[in-house]
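Take a look at the structures listed below.
Below, subunit A partners subunit B and then partners subunit C, in two separate complexes.
And then the complex of A and B:
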């Protein structure tokens, strides 16, 4: 169980690691939106250059990124195949009933493949170079405006960090309880559904009970240390917006202009 | 009242991480599709919170679970798909909490019939909202990627149904088993 790495954070010293999580999150979300502006090979080329440079800057081996694509590969291939088989127009190479393979289909298939892979690469860059706890801080900072809508942003992010902190403990505990039940002869994943469900009860009950106790202890601990929900809290880790981060946002703006210039049909399609 | 509030926050947070843990342990979930949509037990803790703390707790726990997944292993294909599948779908599970009061009443009155009915209704409502969100996300995604003439709605409904139906059954049985063995769990 210790081999299990939570999240995909990859320790490092690269410029991307040093960047503010807010900047990375903003840029990542923005990239996924701006991706849809591209509509010809020139604009896709620009996006690829951007993606590859960012991946290089992260200092993480390329194979790690490829591993991120693997679980999605069937979905991607399925979508691309659909696109190739059912799009018509342009030069037609093959035409059997409803199935047509045309150069339009092949081109849009390739574009869709690129879009998929780039979204995965960029979101992987963000999770690889940012600690989960920093991501939480970043999300908290970016969601601040929602406070006006009476959404308890501070409390949600506090809960998020409590959850992240407890995942390893709970994993350990679950393992222990499962081992204890195995030692008593329980076999998991055997028999029909109802039997499988019944083997779960002796795992779940002690875990739930101990979670409830733990929650109570923790809540008491927080209360005695003066936690008041709704009050303003100060933080130990302070986020600092640096020049790199402004540079990152600037790069995104330049990328957008580049895409608008390169895409066919100009600004308004 | 304030003590309760802190307890509420912590408990919801711990149960959300419980849901993630159930996702991470291979023995406890079985995946039937190569990509996403596993029949996992992760929804059970969310439902437990929903029945313990009502709709608000359920919604928060679901939202947290979605956010945690987004931090740990994001599968993003489209921005609207991400909002639907990680935000709306899991928060929607929390709507099971609408039946929490009746369920709690039934359990203190030792009326097991009414209790089971409320559990089924709650889990059904939560699962339906999640199912709907996944269907919509599927349609959004395929509208963007699939060529014209593919029956997207039908495809999305069947694909998502293949794991939502078993999940619904598993969750109903589990929630009912857990609460009837240990009624203390539902009382705060």
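And then the complex of A and C:
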């Protein structure tokens, strides 16, 4: 369960850690969009330089990022293979029925691979350097305009932050219930699929029941402290937009210009 | 003039509505502003249930509750909760915030308090429970006693006129517990915060202005600690009373009536001087 890197937070003091979550989220989402402007090796090169510099700035070891890509590697390779096999044009190396391996195919396969990996790297940078709670605050702040459309943004983000807060408890509890079942002779991960599924039932039932109890306790606690959904609330955690955040947005604009300039060749050399 | 901040009359409540058996039967009492009332009774006698009814978390079957002059019902419960705060027996699952200070601020956010004021209140509440150093810690990773202090701070920050403590200090070590009780006593005396404390600690109960004794869902007695402890000999007596009864068995000159700690100390000094 500790293998998943995407979505985890690494405490630290880097410049990226000190940035406003809003800036990081905006820049992250913008990066994914601006990726599609690149169409030649020069522009991809620029994107790689940007990505690697950002990763370096996060102060997190490179191997951690690689671990972040690993769970998705098969999906990426699958997509890349499809791209290579079904794109034709340029010099053709192999041609069997609908399957062609061509110059163009290989190049666009490489580009797709780069896009995937850079998206994962950049989103990993955002989550590794931002506390989950700050991330929710940031999302909340950015989605605020949706309130006009009667979307309960505050409620959703409070829900999100409380869920985040309960995940460790739930994991602890799963461990406890599994240990309790083991003590009663259950063996997990043994036998055929049906048997394995059956052993999960005595885990999920207690977990479900205790989650309901927890939820009731939580609701009681929130209610006695005056929480009413839909009421106007102030916020204790303040987001502060600093100079480095403006700088970050500026960097994104420069990156965009760079890409447009490099792209204008438009050809694959 | 002593105003009644809490008035409970003919309160009836049962968890299982199909059942004739009631968890609380015909409870009548009132609490004056600035009073410290201890609620005692065996496990399952209905103390926590009473606390939840007072803040409107449970709906009474019959009778009425009025807090700070507001008659508690489904429409007024939000207003009532601005006047009465409840600290639960087990705060484990009630932390909303991911840091201690965020959690303490939760109730203040709910009343839409401006940031500056909120910050002051949080600071003050954390100081009262002696948690200022742990303000950035994750409350769910604290010790039991520290968790209870966070929960208490969350309510204290709201400055309720009535504070209900449901065994809210049981996990505290004796030293910090005494200290916290002292802080609460100061609040109780200086800012007229009314305190209803549910407790199994008879020494704490003996310090109260008044004791409410619950037995199997009925309020069997209400009165000064001295009266309640002399009348109900089956109760585990507070330390001074236990000592007096022990001395009484040894020596007949010991007075036959309940004595507070202070009275006992005075008497002991005097009788000792005479010898």
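Here is the rule we go by: the second predicted complex is superposed on the first by the 237 of 269 C-alpha atoms of A that agree within 3 Å, B and C clash if a C-alpha of one lies under 4 Å from a C-alpha of the other, contacts with A are read in each partner's own complex, and residues count from 1 in each chain.
As a convention for this text, contacts are C-beta pairs under 8 Å (C-beta built on N, C-alpha and C of every residue); 3 or more make two chains touch, one makes a residue touch a chain.
On a predicted model such as this, the values are computed, not experimentally measured, just so you know.
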Put the two structures on top of each other at subunit A: do subunit B and subunit C fit, or clash? fit
Does the superposition put A:162 against subunit B (first), subunit C (second), both, or neither? both
May I ask you to decide whether A:61 touches subunit B, subunit C, both, or neither, giving the answer as first, second, both or neither? neither
Figure out whether A:33 sits in contact with subunit B (first) or subunit C (second), or with both, or with neither. first
Can you pull out the angle centred on subunit A between the C-alpha centres of subunit B and subunit C, to the nearest 10°? 70
A:170 in the overlay: touching subunit B, subunit C, both, or neither? Say first, second, both or neither. first
On the A-aligned overlay, A:212 touches which partner chain: subunit B = first, subunit C = second, or both, or neither? first
By the touch definition at the top of the document, which applies to A:235: first (subunit B), second (subunit C), both, or neither? second
Comparing subunit B and subunit C in the superposed model, the one touching more of subunit A is B
Please indicate which partner A:225 is in contact with in the superposed arrangement: first for subunit B, second for subunit C, both, or neither. second
For the combined overlay, can you note the least CA distance between subunit B and subunit C, rounded to whole Å? 7
Which positions of subunit A sit in both the subunit B and the subunit C interface? 132, 158, 162, 164, 214, 218, 220, 222-223, 227-228
Would you pull the subunit A residues touching subunit B in the complex into a rising list? 4, 6-8, 29, 32-33, 71-72, 74-75, 79, 82-83, 86-87, 98, 105, 108, 112, 116, 119-120, 123, 127, 132, 135-136, 139, 155-156, 158-160, 162-164, 166-167, 170-171, 174-175, 178, 188-189, 193-194, 197-198, 200-201, 203-205, 207-209, 211-212, 214-216, 218-220, 222-223, 227-229
Complex interface listing, subunit A residues touching subunit C: 131-133, 158, 161-162, 164-165, 168-169, 213-214, 217-218, 220-228, 231-238
If you look only at subunit B, which of its residues touch subunit A in the complex? 2-3, 5-7, 9-18, 20-22, 24-25, 27-28, 30, 34-35, 41, 44-45, 48, 60, 63-64, 67-68, 71-79, 142, 145-150, 169-170, 173-174, 177-178, 181-182, 185
Which stretch or stretches of subunit C touch subunit A in the complex? 52, 55, 57, 78, 81-82, 85-86, 88, 90-98, 101-102, 105-115, 118-119, 122, 140, 154-155, 158
